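The data blocks that follow each hold one structure.
Both complexes shown next keep chain A, but they swap its partner, so chain B is in the first and chain C is in the second.
What follows is the complex of A and B.
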């Protein structure tokens, strides 16, 4: 009978009017915006698409065929597995990890520098410089990179190199996915920087001084003092960058090659081109579950709590 | 030790340049493309400085409509997610410790769920709800769905902002108000809300910006109300002109302006409060701050741009550019024709020269050249073949076929000196010395 006690206490603390407003808002959020939509999507993914039912199949019965499709491909196909889609899936996950690690190495020195400097006008200006690109539209940021990487003389890099005579044929940054990885890293780099900055800032500078006085080398200070302290920040930055790049849609659409897809693009195609929402929902669930599972596994390996994320 | 520090500084500088180059560079490049008259957004090749894409942008109905929809969605999202975030943060501070981490996990999850998934789940869920009630139009409305979908995770952002602020709130204040006879609602409105006002303002700005730039969720929920981001994505994917860069420039300028203004404002408050001393070398109204200087410079740049755009016209430059390009294409066509003709000539030569000796061959070669060049640039061709003949005619003739293309390139008027002496020259050692050829092409020029 704990539940009523919590509620009575809650209403006593907040008054009936305020208490119910707060309660209503939070309940609305959790139930109607977070939980039920996910459950409903799961439910959707377990139903066949009513437009192209198999013989003897009913639209309201549960089936795993949408998931089977991802793994085994269409029935009667010659391949044992749905190689194309599975490859896209694996590639998405691995590339998202690579982008995350790339961002980690790019951001760590800057996070350390910003956190350890005493916050003069220069540092504040740097922070503004950091924030401004982040408020530019995701599409526009991807598009900016497209201008740079475009695979013709219109592209900045190709244009310059061709003018200088280094190459006479435009290098295709798009189909080699270089542009895509640069774009994904670019899109979420600040989500890596700021959590790290926040935790490193809270590190007592005396600890570093002490380590240095006792003769610890530069690498050792980072390995034994700074990084252990910054672990929650690193974890939350990596989690966010990984989840967001695995779930990114804008950058792959603008910067991706024609032959190589991102998994979210498959989901998008199921929804908007093929209009098979059930299949799309199944793919989305797979993406969600897989990325959460990966994040949780890594958090377990590196012993980080969920509560540290977002701090 | 000293060189070590120096090395460290250089490394840090290089790293900074790389990092900020990566972060800012693309935006700067995109900014420049807004002023290039090339029809496809690019810097290379640079054509003419122009303002026309800004005019193009203002004429684009879809962009304007997208901006309107984005504002409607943004305002709705701000209202919904700020109130939800505030409520959630208040509840979070009161929930039992045992439940807190579960509660926290649930309300932080939307930040981590891919935006695509949020969009899909919102769409699917409300479709089902509306079916349940016999197809309520509101629940399938793009604006409603987008607000709901975006608020799901933007509320989490807002909540984080509020939690940070609430940590400094003295609950004793509320209790005092209650003791003095205020109702809970009054205590909330008169005590807590004023305290939270800065956080509410920053959460609202954050929510609006996040909503304005959101793509992943919106792309599934927008229905028949495309927001600006959706319109942009369509433009980017299906044919674009630099008006999109012009829009980016406007957004960047507004953002930078806002950020600098905020910085200056904060600084000014601190100066007034006596926390920082004014710098003496700068006029007082600048508060001795780089941000102020930049802000002023930016304002001047924008004003100057608007004024010059009234009078500046790139028509002349564009005409020039078009002419230059026409000439270039004509030259290219000629070169192509010449090369094709040369290939023909070479074929003719090899067949003809099969059994013959030098003298006969010479005639054949010049005949082939003459025939080829007659229609286009007779003069050049004549000069060229003459020069060639006088310089190194006899030994060349057996290999006339090989040399024909390079000769012709020369006659097309460009850089034969550099291009020619490659393979054939070495094959013939001293006779076909590069300088020889340069001479011959020189004569052709004259």
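What follows is the complex of A and C.
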């Protein structure tokens, strides 16, 4: 990574007026769009809910009770832990990982094909076809999938399978979570595809040919040449898909079954239904910190640098 | 290490759609030879190399290596190793891993590979550099690693696709002799692709000169340089003065042409054209700049022209002359310590030995 430009040099290169505008915009972005919302969220999570104070509690005092609630549940409950919410949390993380890995296996061959085939115009058309659906709002796309997976003869897949006589009874894609996984995978697939496409495209084709010339099988070429080269892109894609899947709300709301609660839905309920923003903030912070910790751990294991991801 | 294996190209045609990249190539390369394909970019020489290495199949014809038909065998199944123009070292593998990649593919243990890598590093004078990454090496060192990596596979034939083109002049000249040295030591067949006639002439046992998919001439350096088969070869390999005209007399292997602007000129008929040149044919006569000397000679091998410019190039003086009708002629004289200086605008006479000039039927010249 390059060293950040020293301020004086920055102003000299861009002029005082343009330099000030750029500097102000960056400062605005960092302070108002990144730092303040997170700090305010953290602050909320450390206060009790003012309309629901315990005896002797003050609304402006700091407390960890919101975090305790997530772990141990309401005071006086018969269970030692808040089993229900913790289960939802763990399930969300594992499901987000599953979605990430599923997208990885879907996207790698696709990215390789797009990047290394000599198709030219044809490949560009394919890439545009991949992008076009994303001009439509995420929630609308989730509803479209809901229609495709609907568990009755009106559903696209069920309808076709029943007409063809493959099944008598409509299959419940919703409650088996198949629709949810498909929806989550679909929602963020481009964020996996494009970073991988970019790095694989930058791979010198001669390296692949050199490996082949030396007798390497396709699996070895990918293991030793393509994947090591593509690692930053793979890491970048996996990080984004994992973070966004774990924090997704639209797909779980629209496509989730009755029994499958996503952790973000709990956060949403605290904010929206219970109006307990403090508790919701604590849940959100836990999800954020846990997700970042998981990403950092995996980056450590697979020896990926933070700088590589930002490329 | 396996020694020389013959490579035969039998009537190879390579077409991409309507475009014919290689036309009727018949080449027999003797085992253990250093063989070069020389030609301008886009002449199809790399395409031929890719057909030998197995990255593409010829549309027609056969590639035989050691007498075995290579049809249907991919590059990973052929006894060839290719050195790419940009070398294509693996940037994320250490030098020793790069060199022994072909052994890794065959399942050799790390210990065996390390040992072999050290041997090869000794051979290319890079001992102790095995744990570096390619990016930490200089251009010439990378070059040698690429050669070691190709030799590690113990190929019967080594294919080199302009591997020296990225190096600077001094290093390129040094690598020429080093490559030749390595080739003699390992004794395998080298097939070398280049657009640099200097490289081709200095290193090769045999050179094939290519033009737009056609092989114009195959021969050793002397034959290609002194007895070019076509006007293209004459003008592409080295520098040449061309005189166009009609044949006025043919006498055995000698012919006289009435040149358009320089009078009657006599010269040898190039061996490939003996018997094909008749009185009245359009012909081209070539005399190399270094074959010209000052002073008058035989009437039919003396030209007079005006001095336009003189350039001092260290080992030679180049004198640029303009003959009648603006005919451009170049003459090269060795620097023998006395400046042959002629004032600009002077008329001078110079001549050549008819044995050192060649005439052949007119044809396309190499475009500069």
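In this section, the second predicted complex is superposed on the first by the 294 of 311 C-alpha atoms of A that agree within 3 Å, B and C clash if a C-alpha of one lies under 4 Å from a C-alpha of the other, contacts with A are read in each partner's own complex, and residues count from 1 in each chain.
One rule holds in what follows: a contact is a pair of C-beta atoms (placed from the backbone, for glycine too) under 8 Å apart; a residue touches a chain by one contact, two chains touch by 3 or more.
What you see is a predicted model, and the numbers here were worked out from it, not measured in a lab.
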Specify the outcome, clash or fit, for chain B and chain C once both structures are aligned onto chain A.
fit
For apex chain A with the CA centres of chain B and chain C, the angle to the nearest 10 degrees sits at 100
Thinking of the overlay built on chain A, is A:141 touched by chain B (first), by chain C (second), by both, or by neither?
first
Please work out whether A:170 is in contact with chain B alone, chain C alone, both, or neither, and reply first, second, both or neither.
neither
Just chain B (first), just chain C (second), both, or neither: which does A:220 touch?
second
Let me test your reading of the model: by the given contact rule, A:156 touches which partner, first (chain B), second (chain C), both or neither?
first
After the superposition on A, what does A:229 contact: first (chain B), second (chain C), both or neither?
second
Thinking of the overlay built on chain A, is A:211 touched by chain B (first), by chain C (second), by both, or by neither?
second
Looking at chain A, does chain B or chain C touch a larger number of its residues?
B
Least CA distance chain B-chain C after superposition, rounded to whole Å?
6
Chain A contact set shared between chain B and chain C covers none
Would you tell me which residues of chain A are touching chain B in their complex?
6, 10, 13-19, 21-23, 25-26, 28-30, 32-38, 40-41, 44, 106, 109-110, 113, 121-122, 124-125, 128-133, 135-148, 150, 153-156, 158-160, 163, 186, 189, 239-240, 243-244, 246-250, 253-254, 264, 267-268, 271, 277, 280-281, 284-285, 287-288, 291-292, 295, 306-307, 309-310
Which residues of chain A touch chain C once you look at their complex with the stated criterion?
204, 206-207, 209-217, 220, 224-225, 228-229
For the complex, give me every residue of chain C touching chain A.
53-55, 74-77, 80-82, 84-86, 88, 90-93, 101-102, 104-106, 149, 153
Under the touch definition given earlier, write down the residues of chain B that touch chain A in their complex.
12, 15-16, 19-20, 22-27, 29-30, 33, 38, 40-45, 83-84, 87-88, 90-91, 94-96, 99, 101, 104-118, 120-122, 124-126, 128, 148, 151-152, 155-156, 160, 183-185, 188, 209, 212-216, 219-220, 228-229, 232-233, 236-237, 240, 244-245, 247-248, 251-252, 255-256, 259-260, 263, 289-291
